[in-house]
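Going by the order they are written in, the chains are A, B and C; count residues from 1 in each one.
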Amino acid sequence: MTAAVARLARWEILLGLVLLALLGVGQAMSAVFLTPRNVANLTAALIEVAIMALPLALIVIAGEIDLSVESMVGLACALLGFLWAAGVPLEAGIPIVLVVGALGGLLNGVLVTGFGLPSLVVTIGTLALFRGLALVVLGPQGVSGFPDAFTTFGFGTVPGTPIPWPALVFLPLAVILGVVLHATWIGRQIYAVGKNASAARFSGVRVLRLKLALFVLSGTIAALAGVILTARFASARADVGQGMTLTVVTVVLLGGVNIFGGRGTIPGVVLAALTLAVLGNVLRLGNVSAEIQSIAIGALLVVSVVIPNLAHQVQALYRRVRGGRHLPAGAVGTG
Amino acid sequence: MTHRSHRLVALGAAVALLAAACGSGGGSSPAASAPASEAPAGSAPASEVPAAGGPNVVFIPKAVNNPYFDAAAEGARKAADELGGQFTQIGSNNAVAAEQIPFIQDATTQGYDAIVVSATGADEVAPALKAAMDAGIKVVGYDSSPASGAYHVFVNQTDFSLIGGAMAQWACDLAPDCTGEIAILSATATATNQNAWIADMEDALKDPKFANLTLVETVYGDDDPQKSTTQAQGLLQKYPNLKVIVAPTTVGILAAAQVVKQAGVSDAVKVTGLGLPNDMKEFVKDGTTPKFGLWSVPDLGYLAYHVAAKLVAGEITGAEGETFTVPGLNDDQPYTIGPDSVVILGPPFEFTPENIDQFNF
Amino acid sequence: MAEPAVLERPTGWAGRVITLAARQRELTLAGLIVVLAALVALQAPQLLSSSNLAQVTAQASIIGIAAVGQTLVILTRNVDLSVESTIGLVAFVVAEVLAQRMLEPAAAIAFGVGLGLVLGVANGVLVALLNVPSIVATLGTLSIYRGIDFLLAGGKQVTLTDLPPGYTDAARATVVGIPLFFLVAVAIIAAFAVILRQTTFGRQLYAVGSNPEAAAILGIRSRLIVFVAFALCGMLAGVAGVLWGIEFGTINATAATGVVLQVVAACVVGGVNIFGGSGTVVGAGLGALFLGFISNALILLRLSQFWLQAIYGIVILVAVSIDALVTRRLARSTTVRRSFVGAAAAGRARR
């Protein structure tokens, strides 16, 4: 276990170096880069994505995937707007929304664990379903006029610091999930399930219950991200969050989480979120066109897997030439 | 062997990629690869390179891949050239608030003199624009208004209340004997300006002279050519007696005209609404869309740039009742800033087979 | 494993129906389409008008052709999320090339299909050669291809008037009363149905997906098979992109955004197993037609478009649930087929 942690730690260090390099580029490029305002902006721009990436990382490590998160954001936003417009105070509305998020996650979880359906298909289905429900709940109109305290929480920063309020949701969540994953038996079970579900089952892990819990967590946190987004936008609309899943999944994979499960860390995901946030900011400050940004992010995702695989293959070839053993089939995984 | 070493290479490559990505922005942004001390003009923030004559203005449209905003940018660029100022247009590929807000925030930190913005959502972008105003930046809205209080001046393309009435009149003109079923093809169901025009048009239709026109349905094509096409096809299927499709959106009117023409029913069903003359020329001439309207989109960008320049220069503050003149617009008569700090470009313009060839945008 | 009684031999009436439905997936789906169409036509007779049928089948054909390519990929236990960007990029490039009068229509179409093939080959290289998991690779190319599209198109859009006169007439053209697009789709589906059933490549495709280890033992070159599947998927997405341009006339950089959902949904509804190894292109094509009719019915019945997304989601979930249920009932025979017959003559498995 320690060996695995040590091994993975390297990816985080490297991500950190990339981040530093990007910070250097940003600093050299623009005098405003390290101003508190810019730091606040670049943090805020991706905060909901970062929050959603945390539970998704656990799901992917456990060998599943949840593509429905962006629609849950939309459903949470629409429902909160609907409730607020109907006169329900936020103190009651927000808990209701979070419960709906948990129920949505439960639906995903039950379909995956109870029916044994592939999570990829199930969450593509709920991706459409939750978005449809959001549109049905709120219809075409937008809802605004939320209380100032609420919108300040979404857009403002902690007085005297460049820290956006939502970061105060993200940080504890990252710490808690990090500790759970890396220092408790739950975390060990998540890894075990992701590496080999049947072996984990035989060694007494309640695989289905664990996965179910992770989907519920993901749904709840996605709903929370929807609430934060509503606060930041000071308005609720049913189409909020469209296209977010792509970014969330990119953060998770760039963070070193193996798409096939069994490998990945929370610090890696946090660093990946920061890296993407800084990258976007640097590109925007450099007035790099949005087209290039989309290509750069896609390429980054592919390259982060291609290069290690290539190096691996070159090394394997070199060994074979030197008369080394053949690689077992499937050993050239993604790492 | 360790997997680490490969990851290392990967990250190296990633950095290289980033550098390449920054560098390849060269066309639009030499600043990315140039030393900060001498960022070339054109994309450099005003705080680093004091503007020679005119202001340094950034336009942030809803999305950068829309011909409508390119037409507006043309006018803005012309104004910038004339005033000796700088013009930059940035923005996201998708017209969503989550992607527009970071552009507004980063424009704020870059210290432009003025931000000219078409709001993806009135309330969504308001906090970011207010932060820009707090930072001393002049904020001008164009095309789609941010929430009141989140801009200094909103340059309205036309008096919105005139559009609803004009569209009702066009529908009446195009329906035989001003009688029969009409339908509306709108953009997104959440678009504020669309909904306002549609509401105005519905009001206008209550006028007894339109009594024989029946508005059967309003459908939404989300300003997406494909979805608009499907919706227009659906209208033809659902209402065999349909006489006119009114589309108050440049994407929708084009899609509807194409559908009607392809279905070969141009004689029975007419299309009108708001469209770009270049898009519609053929349909105006072949009788599918004998008349439609719009304002001069390049003039909209031109006026918005001038308003931004005047705000920066302190000539106006955006208060109601202030007046100013922009040469070449409004017959050189002064514009007056109205309630909610709104300036109106002019009345909607009606395009017909006779005049359509005079326009190129 | 919970229902050993039905496992042995589904004797009950319901059991027999389900078994039959599972074995005749395509027939069941075709029946469902007919029932759906009949029910909707009671309320909205225009559904059966020739112009409406032409429109529904045209758009379903585009999705169906892309779904055939997706099926090839899914059969190998992979997925191609980049198809929508391929469709969009090909649609724009072909339209632009035509608008600039750089190529004759026939050459432009061939160019578009070739471009799709190149984009598919790029995916194939990433997945089969460089071992990038397909979901990661195609998620990356999804945004890369779209980025290129944005880069080329900028704010431009190609409209009907820019295209050569008569080019888009193909969208409404008919051959002996049958829409041209539909015939193209049927021809492609038939061709690939034959390829999958009759050729070595087809059987190997099923073998790789249903049991990679056995396929390897049998000496099947899995990487090559996966590579070819991606290349063909790109090529078919290219065909879909060309048709997209003809159908809609107006093409900008955002063309076909979100379409991957419909393509994957068509496969899933058509009974293609997302875990690979089973499913047919006929099923995927019928899946596309089924979804096309649902979306058309909502418009004709004047139901709120807001329900469309939700209904799509429910259809996907129901289809995949039924699939799982049926698969479980057939667990024994299917398992036997998959592991033994599967690798050798996998083309026949669960047909």
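By our rule, a contact is a pair of C-beta atoms (placed from the backbone, for glycine too) under 8 Å apart; a residue touches a chain by one contact, two chains touch by 3 or more.
All values derive from a computational prediction rather than experimental measurement.
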item: From subunit C, the most remote chain by mean C-alpha position; value: B
item: Of B-C and A-C, pair with higher C-beta contact tally; value: A-C
item: Rounded Å distance, subunit A centre to subunit B centre (Cα mean); value: 33
item: Rounded Å distance between subunit A and subunit C, as computed from the means of their C-alpha atoms; value: 29
item: Distance between the centres, which are taken as Cα means, of subunit C and subunit B, whole angstrom; value: 36
item: Where subunit A touches two or more other chains at once, by residue number; value: 139-140, 238, 289-295, 299, 305-306, 309-310
item: For subunit B, residues that touch 2 or more chains besides their own; value: 64, 93-94, 220
item: Subunit C residues counted as touching two or more neighbouring chains; value: 150
item: Complex contact set, residues of subunit C against subunit A; value: 79, 126, 130-133, 135-137, 139-144, 146-148, 150-151, 213, 216, 261, 264-265, 268, 274-275, 304, 306-314, 316-317, 320-321, 324-325, 328
item: Residues of subunit B defined as touching subunit A within the complex; value: 1-11, 13-15, 17-19, 21-22, 24-25, 28-29, 31-32, 35-36, 43, 45, 47-48, 64, 88, 90-94, 96-99, 101-103, 105-106, 108-111, 121-124, 126-128, 131, 135, 147, 188-190, 195, 220
item: In the complex with subunit C, residue positions of subunit A that touch it; value: 65, 111, 115-118, 120-122, 124-133, 135-136, 139-140, 238, 246, 249-250, 253, 259-260, 289-295, 297-299, 301-302, 305-306, 309-310, 313, 329, 332-334
item: Residue ranges of subunit A touching subunit B (in the complex, touch as defined); value: 7, 10-11, 14-15, 17-18, 21-22, 25, 28-32, 35, 37-38, 41-42, 44-45, 139-142, 144, 151, 154-155, 229, 232-235, 237-244, 256, 279-296, 299-300, 303-312, 315, 335
item: Residues of subunit C that touch subunit B when the two form their complex; value: 44, 46, 49, 51-52, 55, 59, 150, 153-157, 159-161, 168-169, 171-172, 244, 247-257, 296, 299-300, 302, 305
